[in-house]
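What follows is a group of structures, each given as structure tokens.
Each of the next two complexes has chain A plus one other chain: chain B in the first, chain C in the second.
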Partner chain A sequence: MTQTRRNFLKFCGGATVGMIASPLPWKLLDDAAIWTQNWSWIARPPRGPQGWRYSACTLCPAGCGLKARLIGDLPVSAWAVPGHPVSGGCVCPAGLGLAQIRFHPARIRRAQRRVTAPDRAPAWRPEDTDLAIADVGHRLRRLRDAGALDRVGILDLRPGRALSTLQREFLARLGGGRYLTLPDGRELAAATLPELVGPQDTVPGADLARADVVISFGAALHDGWRGGGPAAGLRGDHAPELIQVESNTSVTATLADRWLPVRPGSEVVLALGLAHVLLADDLVPASTLARIGDLEAGPHPGYRDLVRRFSPRDTAAATGCEPRDLVATAHRLASARRALAVGGGDPGGGPLGREEEAAIWGLNLLLGAVGGRGAAVLRHDLGGIFAEPDAPSARSLRDLPDGSLELLIVDGAAPGAAIPADLLRRKLAGPDRMLVALSPFASGAATAADLVLPVQAPGEWSDDVPARALAPRTTYMVAPAIAAAPAGIAHPADLLDRLAAAAGGTRADLPGSRRHADLLRRRAGALHARGRGEVFDPADGSTLPVANLPTADHLVRLLDRGGCWSEDPTGSLASRPVRLLGADGSLAPRFRELADGRLPATTAPTDGFPLVLMARGRQGLAGGGPVPPVVNKLYREAHLHAGCGRAHVNPATAAACGLRDGAAAALATPRGRLQVTVVCDEAVMPGVVQVAVGPSPADLGDPAAGASDILMLTAAAERPIWRVEPAALEEVPRG
Partner chain B sequence: MTSTHETTGDRSPRRRLGGRLAVAAGLAAGLAVGWLLLPRLLYGREAQPLDFNHVLHTDDAGLACQDCHRLRDDGSFAGLPDLAGCADCHTETQGDSPDEQRLVDDYVSTGRPIPWLVSSRQPQNVYFSHAAHVKLAAIACSRCHGDIGASTSLPVYEYNRISTYSRRIWGPRIAGGGPRESDSMKMSDCTDCHARRGVADHCLMCHK
Partner chain C sequence: MADRIRKPSQYVMVIDLDRCTGCGDCMVACAVENNVAVPPVPAAESRGLTWMKVYRVGNGRPFPAQRFVHVPIPCQHCEHAPCIHVCPVTAVQLDPETGIVGQIPERCMGCRYCMAACPYHARYFNWYDPIWPEGMEATLNPDVSPRMRGVAEKCNLCHGRLDRARERAAAEGRRELRPGEYVPACAEACPMGAITFGDLLDPRSEVARLVAGPTTFRLLESLGTEPKVYYRSDHEWVRRLGQSRLEPLRAERRVLPEATHHG
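For the complex of A and B:
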């Protein structure tokens, strides 16, 4: 064989083929990948004996039961608790990441002061926490000296906890201030029922899992991420038949037995159309009709007269739902032994309106789904059981006039729904206005803050978890800490103490964290003293009646071990008089407008805005909470979930706008415009633009990573309902 | 004008044969590097601090696997026996083995733990429950650990120079695995076994 350049190249070619046919490249690639996972600076779980600790997830208000696996004292993973009364043995991906979320890149260990303008992506400058607390204390002291403590507010993002009581106590020690909440769609839905049935000493719930048929008006029952656990009863062999009324093919719509696509914002018309069929076809028992005080015309127009105008044909014209589907749905609901209608809105798209929720509750009242198994139920409110001081009284932040505050302190709990940053900012006025977030992460509501003070993260302190709005049973849990907090990071109650001390407020006899622990024990004592309900022990899955526990300490110990107290619903509306147009008939004018074909102005395309923007979000994530790194891969690799900054449109809509998949486009509404990437998605109704709310999960929820706040385009800060907004989409050159 | 194209097309059979031989030689060399040389270069070898005769302890001394490799009261696996376990029998030498002499002199007498090199140790991001597999599923130790219990001498510890993992995880073959089921302990071995037994699995079941 002659040694030539040609033969040498052939030799190399042959060698290359030979090596490719051997394990060499693949093995080296595999080993190199493993090598990159073992760099010295990458945190590694320790070796050692394992243990388990039971707790509850506090990453959203759902409160799914969790058991954490620990190596030594370090939690390394979290699992669902089989048979848990709240989550039924399920937990969402976020909950599975509870053990890791403490290490999230957005975690802060020092105070962070904002260095960018409020309307820009946040950037932070670390600051000595003691100095930052002194600064806030100085401002509080100045406002108190000026007699302007009504310009101080503390926003509780998850009311009803023991920490909520300490937040009120903080204001009392200060000498004044406003205790503020921000009810989400579920809470607003629950608050609507008393308008129809009169004031109650109980709160409503919805026993979805035990219903035979559930008609959901856009409720994200299966779209949950956080909050996925409580929807567990809606899956499996014994799941109720689900009818989803929704504009887009959401996951819930896909998994539903029937999907009724309706025009954006027309859910209320469909609900009234169903009521029309129920009444017109005599599907409502006479005994139920006899309890409706405003069925026939009196001082106000009668309910029957109003819904008579929502004939199947008229309803179809307004909603896009076929008349035969409407009639069949009404008959299916009437024929079911236990049919239940639910609303509640979307965590990112905002709550349904008052009239929508009233129309949905009206359906339940007509169907007799008011009390008992698989129906709307009445249950005891924990606030009444605990009987703790509730002064200053709670007020919704939305009801507060803009510019009412100079200093707003925002709690660090992850809310269940979106919080428009602009809503927080617009409540502030004055030259020294300041938004202070007490948060473990520079994410969520903290991204709107001027100053973030670090507190312990979920899983590092023992928060408590009261039953959330519309829960079918009254439940109460303590979520015991599963990990030690980093040194120097304060318990939220201790931080309130330090703020009160810096402001010169009255001193408490015990540290905040001790008072918080005492309060948890007193709450357990109150539950024990009632002697009602039962407590679930996650260690062995057993359930014990509280009456069988000899002392309150037994209940305290069970709750400290991740137990869950629960009580069945106690009240029924089956025999009470109801008024379907509200106690004062105030819903009648709005229903009449709807009958005249006047949907909310925002639902109709207008000149220059031929499309409709619908914001959507996932439970908890919509509130901007951090995304656990362990599940971030789902977003990065699967594209299963809609990412922020991406406008999902039907291919026909994209074609009509001259856009193609992946194009850069400007999404405009009367409120402003944002740049988005177009995603052609058959699941979106033609004429609709769907955008996810919250920070981009692909960036681990880092708000500075360029995610756009779509709520700025929906005027969510200006009005309580922002589900639909006229919009336009036009291509812009990439650059 | 004679083009280069025409010149190359006019090749003698001898030159063509030379070219084919070059390709074949390259192919053989590439295959040899990948299949024969790579395993020699990729894996390092390290001697155990002491040799250990499993047969002597099981057959002659009458011990069972779980007498030394025991589960704790909470069901978790204690792994290798600690020094106290060895010292129960070896405060003094019982035979004339030089390794036993070193055990007594270097470790039992000084209280220094024996730095065993554990071939079957999984990476740190993996959690494996021996209790679930040994007690619940009644899987024999040899299913995963092979015939180590019938050995009279410990195999040399081999480790991957890049990943640092034990070769026992990947298997003796450079392409993975080996002739026996117990030759490798990769994730695919776990999932295959779970699939065969109809046992559900998910990422966080094993990964911390």
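For the complex of A and C:
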């Protein structure tokens, strides 16, 4: 064969084609793909023996039961505990991310001092923690020397814990100061019942799972984010029939069996309208009527006379709800064996007003739903059992006059509901005023602080979890630590000790964390001594009566293993008289004002503000607390949370304002303006602008980014009700 | 020999859309279980990576007759999966023993044909190196390897959990899994109990009962892909939505009253 140039090229071409057709290049490609996926910098999962540790989530007051999966000593994930008495096997996305939250980018390991003005987005300068503590101590000492310790306050964002006791003890060692709380909508709702039924040794709870029909006045039963508890009572084939009274199509409204859309802020009128139908159509048993002390007119106007002004026609005019729907709803409630009316407000939109909660409790009392066999249960509170003598009494921060503090220390517990930053700041006055946050993260209330002192994160220390307000059972848990804290980060009780020492206060005989642990044991001992209730063991799902535990140490050990003590509600109103207008009849003028059309929340559009702004938030997220990074990522990519930068309006409203979807607009209220992006959303009632309270999706990982800005456009800092505000939307150039 | 062969299963998932609140528990549980990376810099919207994604869709009617529903969409594990047919390197395989469509990232060369072929948009491309915030690598699930950038990813019904369950069963001398012994993370985490998972070949299973129900449907059934993820809803408009047919509903809008009663 002659070697020619042509033959050589033919050979090369054939070889090339043959090689391409052979597995060789594909195998090389395959191998290259494998090699390039195993670079040394790719994260390697931890290796080691697997185990489980049971605990509870402390990211919000709900306290859902959790089991953490451990590899060696490291928690790699957290899951719900099936059959848990508090959460019923539910846990929210934040709880699922509990194992990761201690690595949140907003985690602080040194003191952070604010370098921006209070009305600007926060920026921080790291500072030596010892020096920062010395600075706070110096200010405390100066105030004490000046006899002005009443200008010092400590705000407990989750009262009732063992740490709450140590916070009071801190004030006692200092020699004075105010112990402050900020009750959320659920706590205010629970506090309203005694006004109608007199002082009780029990507190009310809403047992949704026990009800046949639940009517919810705007309660975010399915919209809640943290706190699987509510959802636990509403799931399954035996879930109660749900009637939702609400302006916009929330998730709760859309999943309800029936949704009654009402005008913003008019839920209370509907509640009184239902009471009218119950009384007018003789749907209330005579025995129940006989117990109502102010049904008929006496020294004050009677309840019957007042609700007479809420006829179906009048109620329809005020709420927009059809009269036939109102009557049908009242009859449905009356025919149910166990009906339940719930309020409690919205985590971002704020609590309901006193008269609103009173109207809802009045409905429950007319339906015979409170105590006994009803779905509104009466249960014992642990406050009396755990009470410490000589502790300063709690006072609501809202009741404090503006400017009455010079130094406010805010506890680092993540609250469930929104905390208006402006509310915290307006309580401070004086040249050296300072807001100090004890927090593991630069998030939530800490974003309003002048100084943030680092403490251990949820899951790194053993916090305790008492039952939250309106919980259906009395429960108590210790949430044992599932991970070790980073070196040098203080236990919250130890940090209080260091602050007290820096201020020259009296010294304690034991370190704060030891006293905290002792207190947890004493609390378990008090429960054991009471001999009532039962303990749930999450390891095997069993339940053991406390009376069967031979010693308090057995209970301590069970609680240390993530057990949950619980007690069934036992309280009953029996034949106790009730007064639906309050013990002193003080609700009568408010109900009369409601009949005249003056709603507790401003609903009437005013000149220049033809729309109404409704703030709304998810439980937990509204408080601006830390969001696990994985939740942040997924919510952003799935568009599951709108965030405060987006104004949701009905397409008809947008068209009336000359706006289109995605337009940049200025949202204005009489209190200020904020730039937002318009989102056309059929779920929003025409005439309403709905904005979420909480960080925007792109900023969930950066809680400092304007989480509560929208509240500055509302009355949140001035009064406890802020869910409806006159507003206007107008297009502005983007930028 | 016969008892060496494991009895075949047909794992299916039934998602009750009337119970889903869109809380995202399923997405988070999935990401935590399967080591889905959390880059510190947010990805562009089109480049996100979510093995299970919850979509919010509405019926398109005006207030107050509008309704919406949350639809969690993982890989549908089609019996006739288009992604398998188009993959040039056999990186997608249907396990005949379980019915699970598995993705083999080590084989994937990142051509993204599978993403183009998937009618459910249930596949995601790994645009970025798998990076977590500092220290969070310590919380990775040791049963699942992180994937390198440049490969397609998707739900594999938590295959790591299936392997663990089989190991446990083997340690106890069992070849077959007990009902409920293997459950994907999303089904375990759903607080509303909206996700039911099980073996369709077991006639006593809950999924067998649910799949036979009159209100159960699959997405885009007309394509003939035979997905193994079923959905159920009592609402006609939701079932039509699953077939991408909303036109009749729009015609109805002219005659239907604006009801607020659900059902």
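Throughout what follows, the second predicted complex is superposed on the first by the 673 of 735 C-alpha atoms of A that agree within 3 Å, B and C clash if a C-alpha of one lies under 4 Å from a C-alpha of the other, contacts with A are read in each partner's own complex, and residues count from 1 in each chain.
The rule is short, and it goes like this: contacts are C-beta pairs under 8 Å (C-beta built on N, C-alpha and C of every residue); 3 or more make two chains touch, one makes a residue touch a chain.
Here the structure is a predicted model, which is why all the values come from computation and not from measurement.
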| item | value |
| --- | --- |
| Contacts of A:T2 with chain B and chain C, given as first, second, both or neither | first |
| First, second, both or neither for A:K27, with chain B first and chain C second | first |
| First, second, both or neither for A:W79, with chain B first and chain C second | both |
| Partner chain(s) touched by A:P49 [first = chain B, second = chain C, both, neither] | first |
| More chain A residues in contact [chain B versus chain C] | C |
| Partner chain in contact with A:L260 - chain B first, chain C second, else both or neither | second |
| Chain B versus chain C as contact partner of A:A715, first or second or both or neither | neither |
| Partner chain(s) touched by A:T16 [first = chain B, second = chain C, both, neither] | first |
| Contacts of A:N650 with chain B and chain C, given as first, second, both or neither | second |
| Where chain A meets both chain C and chain B, residue numbers | 30, 34, 37-38, 44-45, 47, 71, 76-77, 79, 96, 630 |
| Touching residues (chain side chain A, partner chain C) in the complex | 26, 29-30, 33-34, 36-39, 41-48, 71, 74-77, 79-80, 89-93, 96-97, 99-100, 102-105, 222-223, 225, 228, 231-232, 235-236, 249, 251, 254-261, 325, 628-640, 650-652, 682-686, 698, 701 |
| Contacting residues of chain A [partner chain B, same complex] | 1-2, 4, 6-8, 10-24, 27-28, 30-32, 34-35, 37-38, 44-45, 47, 49-51, 69, 71, 76-77, 79, 96, 630 |
| For the chain C and chain A complex, residues of the former touching the latter | 18-19, 21-25, 27-29, 31-33, 35-36, 38-40, 42-43, 45, 48-50, 53-56, 58, 60-64, 66-70, 89, 105-110, 129-148, 150-151, 188-189, 191-193, 260-263 |
| Chain A-touching residues of chain B, taken from the complex the two chains share | 15, 17-19, 21-35, 38, 42, 72, 74, 76, 123-125, 127, 160, 162-165, 174-176, 204, 207-208 |
